[in-house]
Structure formats: C-alpha cells, structure tokens
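Here come two complexes built around chain A, the first alongside chain B, the second alongside chain C.
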Partner chain A sequence: MSRIFSRQNQKEPKTINLNAAYTKEFFDSDEDLDVEDEFNVDEFNINESNINKENNVDESNINKENEILSGQLKILQRAWLNENFSTEILPYEPAFERLNEILENQNIRAESLALSQETSPIGMLLFIDNERIKYVMNRYKRTRLAKIEKYVCSIIENAEYMARLSLPEKEFAERYKRLIEEHEHASFLHVLPQESLDVLKETENGTETSFATVEHPDLNQAVFCRFIKHVGSYSFLSTPHDKEILSKDDAYLVKYSDIQKLLEDHSIELI
Partner chain B sequence: MFGETAVPLIDTAKRTRKTQSVSLYEGEKVREILDEISILQEHLESLNDQDLNDINSSEYETKLLIQLVQNHDLKVLKLYHSQRSEKIKFIAIQELPLSQEMRLKLSERERIFHSKYSDLLRKYKCEYPPSLNLSATLVPPKEALTAVRVLKDIGDLMTLNGYVEFRKGTQAIVRKADPTIEKLIKLGYLKIVGNKESTIINPL
Partner chain C sequence: MDKIITSDTFTAEDIKFLAEYELITIEPFFRADTFSLSGIEYGPFTPPIKTNVPIWVALTLKSQKLCKIISPSWLTVENLTILLDSETRETKFSAVPFYYAEISRMLLQSAEDDLKSPGELRMLLQQLKEKRENKIRIGLANLEPIPHKINNISAREIHIMRPTFVMVFDSLRRIQETTLKKSSGQNLSETTRRTVDIMSSQNIDDLMDIEGEIADYGEFMTYD
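Then we have the complex of A and B:
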C-alpha cells in the first residue's frame, strides 16, 4: 500500500505504461500478493481511463475532420457545377487543395481499416466515400481543363482570366496554345501565302486578331441560377429599371452577364 | 462555284461529329481547298495591282467576295482539323495507345499531335495530387469492389489489394478505382462482370 501512496504523492504523469506492472522491480518486491493485486488493478484502471480519453480525443479529431471535409466538399461541388454551367473560366477554388490534404488522411485510415478487416463495413464505406470525393475533384479539374482548351486564346489574351488559373493550369494553357498553333500551322496554314492570312486577320470583326482566336466565352448565354443568400432589392444589368426582390432559394433563368457579379460574391449558384 | 470544294469536308465533319471513332484523314480534299485559297489569293492580288481609281463597284464586290470565300474555306479547314484533334485528345487523356487501325486513319501530323499532347498531359499530371487519377473514367462510383473476368493472360500483378494472379478465364474481385485495373479494362484485358447494373433484369 505504501508504494501506491508514494506513487500518488509523487504526482507522476497520468499516463502509465501497462508494461510497468511487469517490471523487474515489481516482481522482486517483498510485498504481499494481495497488495500486489490491488496495485495491479489500480494501475489497470488508470490505464483504461487514459485509453478512453485518448480514444475520445481521436474520435473528436475524426469528427472535426469529417465536418471540415463535408464543408469543403460542398464548396467544391458548388464550384464544379458553377464551372460546368458558366461560359467563362471562374477563379480557382482553393478548397481543392484543402480537400486533398484531408483525403490523404482519410485514405490512410481506410487502408488501415481494410488491412485489419477485409470485409469491415466501415472500411468499405470509407473507400466508397473516398472514391466519391475523388470523383468530384477529378470532374472539377477535368471541367476546368476542357474549358481552358476550348477558350485557350481568349484566356491567354485576357490578364483577368489568367489570374484565375492555378500555376499548373497557366503552364498547361501556354503549352497547349503553342501545341495547337504548331499543329494548325503544320497541317494546313504553312501552305498558304502569308498575304491571305493577313487579309483574314483584318476581316475578323474589324480588329486584328490571330486566326486561332475563334472561340470566345459567350457572356450573353442564358443560365439557370439559384440564390443561396438573401440579396434583397436588385436590378439586373439588362433590365436596369426593373427592381426585383431576390431572396434565398429563388431560381431564375437569366443572361450570364447579368449575374456575373453575384456569382463572384457567392450569392448564387448555377444549376 | 466559289467555296464548293469545302462542302464535302463540311459533310464529313457533320457526319462524324457524334461518333467516337476517327474517320480517314481526307488529305486530298484538304489540298483542294488549300489550292482554291491560293488561286483566289492570286486573283485578289491581280485586282490589287490595278489603280484604285480604275476599280469599279463590281470589281470591288468581287474582291470582297473572294475574301469571304477565303475566310469560309479557312474556317472549314480549322473546323475539320479541330474536330479530329478533339477525338485524338479524348484518346490521349484516357491513356490509350493508338491502335494500328487508328494509325492508318490519322495523318502524319496528327500522330505527332497525339504524342505531343500525351507529353503535355504527362507534365500536367506531375503537378496533380498523386492520390487522384486524371485519366479515370468520369462515371460516378457506386461500389468500392467489382468482379472482373480475365480475357487475356496477364500474370501476377501488384494491385491496391496486393498481388493478384490474372489468368485467362478466371475471375477476381478488385478495387474499381485502382488505376492499374482501370487501364487493363480500357485495354480489353479485363471485363467487369456481375455488377449490379448488369444483373438487373428488365421487368418488361
């Protein structure tokens, strides 16, 4: 008993290694068996409570991570749909990077669960959940890539659009433009005399643009949008005299140029 | 008539717009259009050589018409080539190699484009998160595991589930999102069997 008291009086750290009960010192002691048993039980209780505490900390961490994950996923899903339905390229969503970091942690957890129990339902659910998140991330990137390819010339010519791209996307856009120009030149443009190409440059909308510039984002295209915030009294650009009360969950079919600013403010989502 | 040489190429572009396969490169028709643009350019230059005061209104109209036809011809050429390159890009992004049949259908320049575009994607993928696969099929995932039937002998392969032996005629349960498995399915070595979609019996 004295040992227990002495231990408690010394105020040792709460975490006690279970192996401590089997140290040489313990077995060599001259105490009665009963005392030893009591000591053993007490130590085990301390450990159990500590394990529970650690588990609780782990669980709360996982819960926090899951909350962040679902929040970021929602942001990325919205960004993907906005990107899909808008005609111009939108600013790069940083939620992608954050989601990627969380996903890596979740992947490690799913792998360890799958290794311990091949048919564990939680492990399988985590796997499929990971795959769904990866699907959204992939679709977002592929949508942006397709848009960059489609409007590559107008994006490179416009500094505002270029600022919306991430660094790898910028590099991709520049390389892709070079590749396309090279391909067109080698396929058919090299045969033509320079004069005929110059004539065409002048005739395109009266301004001198390169021949490759054909596709521009059509800002007058009609889009479906839903308000995710209460905006209040607002007049669209094309109808400046008509004021409308715009509240949350209202859905509209409007010109893209009318809601460009609202999309930047994250007041609406495209559907 | 001006611009008629471009019509067959427009028809081909329209006909093959919705198909996934690439049609044979119509080099002859492309050359005909290019010749037309060059001839029109010579004609235009002969008109330009004349004194501006001597040009009457009908000649001015001819000049304008020539420019329009040249513009139209070039746009057709661009459309035709861009439509073909879209299909080539689709093959490249799936990381599929060009089949022998496909190689014969493409022009020399298009084969170079395929390899250069694949290089471009490879460079972009270096910056991509390693846990993601840019070339993954864009179908929403429904299940984590899937049964596959081996159509051609592959041997032992390291998958996400560990080493799996793929012998012709056998079946294996694998992770659907495994990039190795996805690639083998695309290349025709494996075939998905027994997933829910294929086992649903049509009640009608």
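Then we have the complex of A and C:
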C-alpha cells in the first residue's frame, strides 16, 4: 500500500503543473480571435477577491458554495446537451460565470488538502473533479462558438438571437462576420459584377432583408428529447388533434418546433 | 441534399463522461472523512461500510486498489436474463438504465474481478444489445411518423440512431411538403405512401448506411 502512495506523491507536483497549464490554455484560447481575452480579466479579479476571502472562510460559506456548485453544474451540463442538439442558438447560461468563480476556490482548497494529507486519495480526486468541471465548461463554450460560426449571418440579422448571446459572444460574432466578409470580398467577390449579387438578395415587402445564401437554423429538424417534469395532457403543434399524456422520463423523437416552448420552460431536455 | 447538423462534436467519449456521474456502491479499503466533489458530499469512508460514489471516483479508487465495487442490481446474470426475455417478447424496449451500455462496459473492463460470472454477463449484454438494435432497424424500416414515443431508449442507441434518423425524417418531411404543395387535392395517406416510395428508391444508399454504422458500433462495443 505504501508503495502506491509514494509513487502517487512523486506525481503530485506534476499534476499541479499540468493543471496550471490547462487553465492557462483554457483561458487564452487561440482560435477564438481573442474574444475570450475578457476571461483573463475575470480570472485576475477572482484571484484578488480570493485573497480577501481566504482569511475568513468558514463552514457555512463552504456549504453554501457546495450547494451552488452542484446545482449550477447540473444546469450547465444540461445546457451543454441542449445547445448541442438544438439547431438554433439558446439563451446564454449564466451558470458558466458562477462555476468559474467557485472553481477557483475549489482549486485552492484542493491544493491545500493535497499538501496537508499526502497519503489520502482525496486530494487527487478533487483535482480530477476540477478537471471534469472545466471540461463541461469548455465543451459548453465550444459548442456555442461552433454554432455562432455556423449561423453567424442569421444570428446577427435576428435581434432575438443576438439577445441570447453573452457580451464576449456578441463581439465574437460581429468580428467573425467582418472577417468572413473581408476574406470573401478579397478572394472572389470583388471580381463579380454587382448585378450577379443582386439576384441573390431576398426581398420582403419591397425592402431588402438578406441574401438567399444565408444559412438559417432548421427549426423543423427531428430531435430526441426526454421529459424532466410531468406535463400531463398535451398535443404537439404538428399533430393538434392527438392528445398525449406526457410524464417524467418519457422519451420522444419530435420536430424541434414542436417542443420549442417546452424547452424554454425547462420541462424537457434534449438527449 | 443539405448538410444535416448532426452533433459532430458530441462523441461516444462524451456519453461515457456523462455516464461516469451515475452513482455506484463501493466498499472502501481506506479511512477518510466526508468530502465534497462538485458540491456533493460523499463518505465517510470506513471499511467495511458500503457507501455511494460517482462511477469515475469508484474507478479511480479501484485502479489504486483502494476499493471494491459492488455491482449494480441490474447488472446480474439473473436480471439480464429477465430483461433479455422481455426484450424478446415485447415490441417495446425493456427498461434498462439510460447509460447501461457504458456502465456495463466500464465495469467489465476495469472491475471485472468484482463482478459475478463476467463471461456470462458479457454474453447476455451482447445478446441484449443485438435484440435492441434489431428493434431500431425495424423502427427505421417502418418509418413511423413523428412525434414518436421511444421510452427506455439508451444514450448509446440514440447516438447511433441520430444521424440516420434525423436525415430520414428531414428528407421525408421535405418531400412531403413539396408533394403536398403540388397536389393539394390528394388525400394525405396516398401522398404519404407515395412519399415513402420515393424515399425508399431515392435514398436507398443512405438507408443502407445504418447497417454499416451499426456494424461499426458492434465492433466498438464488443464485450471482450
């Protein structure tokens, strides 16, 4: 047994370094056009507030934090899956910021625990746990960024979609669109005659709305969903004459537009 | 045909990641007070008192020989035989845990010595998997209209169904919309029947794809 522990202890400092490197990479992500730079500022602020907090950390504070952490992690996990399987962009989940804050405190606690109780496996478990939380946060962000890139024009044209983005995401969307436009203009659009582009323009009531080539999310796409609440008698939009009893844990293959409302009031999750 | 948005970024690894949050009972070989992971308290750890932890914790401890994993109540030869039996008799899916494929695979891989008759378990799981995949194939061949209830489907099954099912239903819908526009006088069932005819002739290659995909999945999921 002791042999296992001594091996583990040798590895410990390495884990801490890896951890630090991972955090750094996570915060200054390269391919996101530096929009995520803002998080660096956040990180700095949190560190400062931690120094102040450290002096009077008491039990009740930790308990309260734990409660928030478990709740918010569940919310973010669900938000990640919903975001991943829905076609349109969903409202930004503020759980991300709250988790980010708590994670810093967790990290400090894990480090002190790993140093004080070298023989216990708990320090290691705390580190893995932190990495797992970061993974969920990372995947959530990535999923949203990928979706913003895919539907950038559609999102910028639509005020409702724009309102669902966080501030850095909005900035990212605008900069990404500008970049694409500049690139396409420089590479081929400038040699095309203006008339050929006008053909592609869609008009609504005489005013130009957008290009026909803009990709919009297909709200009628089929999705898999599961009920997380009892809804009772309900009829889906596309089949208004069929009443179905919807109870918790029921799984359905449906059109996204049929369950859009249910997703908004958190009666279902996409799976 | 339009490119369909399948969740390219969501992989089988992600399903495993989520499955690892399910709780499992362990018998610890070490002493420790309660501690919290992701804000949830676990412990205290006092051998030989059993306690519940997430699967990833159990597997980490197991890899360091710090605990014994108690196999979940559904993962027994007895229970799997009952499930397999109802899977054969009923047209509906039998009630398996959402992450049954991942959990059983992880346990058979890393904690085989804690399970009773692992060889038999592997065989039963393999049979169960094949029975359920057959039902998916039949479901696709019937092209049942959506909304369509699919209770007790597991995470892994959705993952392999998704690309093909989403594509099939989307193209079905598009063809239906165009045929309805063209011949609005015609009755619906006739149109639907014709749509299915067109579908099966046009997209036969796409439909055949699911066979290949399930075969790939089979290779990935063999229990040995």
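The definition used in the following text is that the second predicted complex is superposed on the first by the 188 of 271 C-alpha atoms of A that agree within 3 Å, B and C clash if a C-alpha of one lies under 4 Å from a C-alpha of the other, contacts with A are read in each partner's own complex, and residues count from 1 in each chain.
Here, a contact is a pair of C-beta atoms (placed from the backbone, for glycine too) under 8 Å apart; a residue touches a chain by one contact, two chains touch by 3 or more.
This one's a predicted model, so the numbers in the text were calculated from it and none came from an experiment.
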| item | value |
| --- | --- |
| Chain C versus chain B on the shared chain A, clash or fit after superposition | fit |
| First, second, both or neither for A:Leu103, with chain B first and chain C second | first |
| Which of chain B and chain C A:Ser112 touches, first, second, both or neither | neither |
| Touched partner set for A:Phe224, first chain B, second chain C, both or neither | second |
| Touched partner set for A:Asn61, first chain B, second chain C, both or neither | neither |
| Which of chain B and chain C A:Leu73 touches, first, second, both or neither | second |
| Which of chain B and chain C A:Tyr252 touches, first, second, both or neither | second |
| Contacts of A:Glu184 with chain B and chain C, given as first, second, both or neither | first |
| Closest approach of chain C to chain B (Cα atoms, Å) | 6 |
| On chain A, the residue positions that both chain B and chain C contact, one per complex | 124, 128, 132, 135, 139, 142 |
| Sites on chain B touched by chain A in the complex | 30, 34, 37-38, 40-41, 44-45, 67, 70-71, 74-75, 77-78, 81, 85, 89, 107, 109-110, 112-113, 116-117, 120, 123-124, 127-129, 131-134, 136, 138, 140-145, 175-177 |
| Complex contact set, residues of chain C against chain A | 2, 4-5, 7, 9-10, 14, 17-18, 30, 32, 35-41, 56-57, 60-61, 64-66, 146-153, 155, 158, 161-162, 165-166, 169-170, 173 |
| Footprint of chain B on chain A - complex, ascending | 100, 103-104, 107, 124, 127-128, 131-132, 134-135, 137-139, 141-142, 145, 149, 167-168, 171-172, 175-176, 179-180, 182-184, 186-188, 191-193, 195-196, 199-200, 203, 211, 214 |
| Touching residues (chain side chain A, partner chain C) in the complex | 4, 8, 65-71, 73, 77, 84-85, 87, 102, 120-122, 124-126, 128-129, 132-133, 135, 139, 142-143, 146, 150, 217-218, 220-224, 236, 238-239, 244, 249-255, 258, 271 |
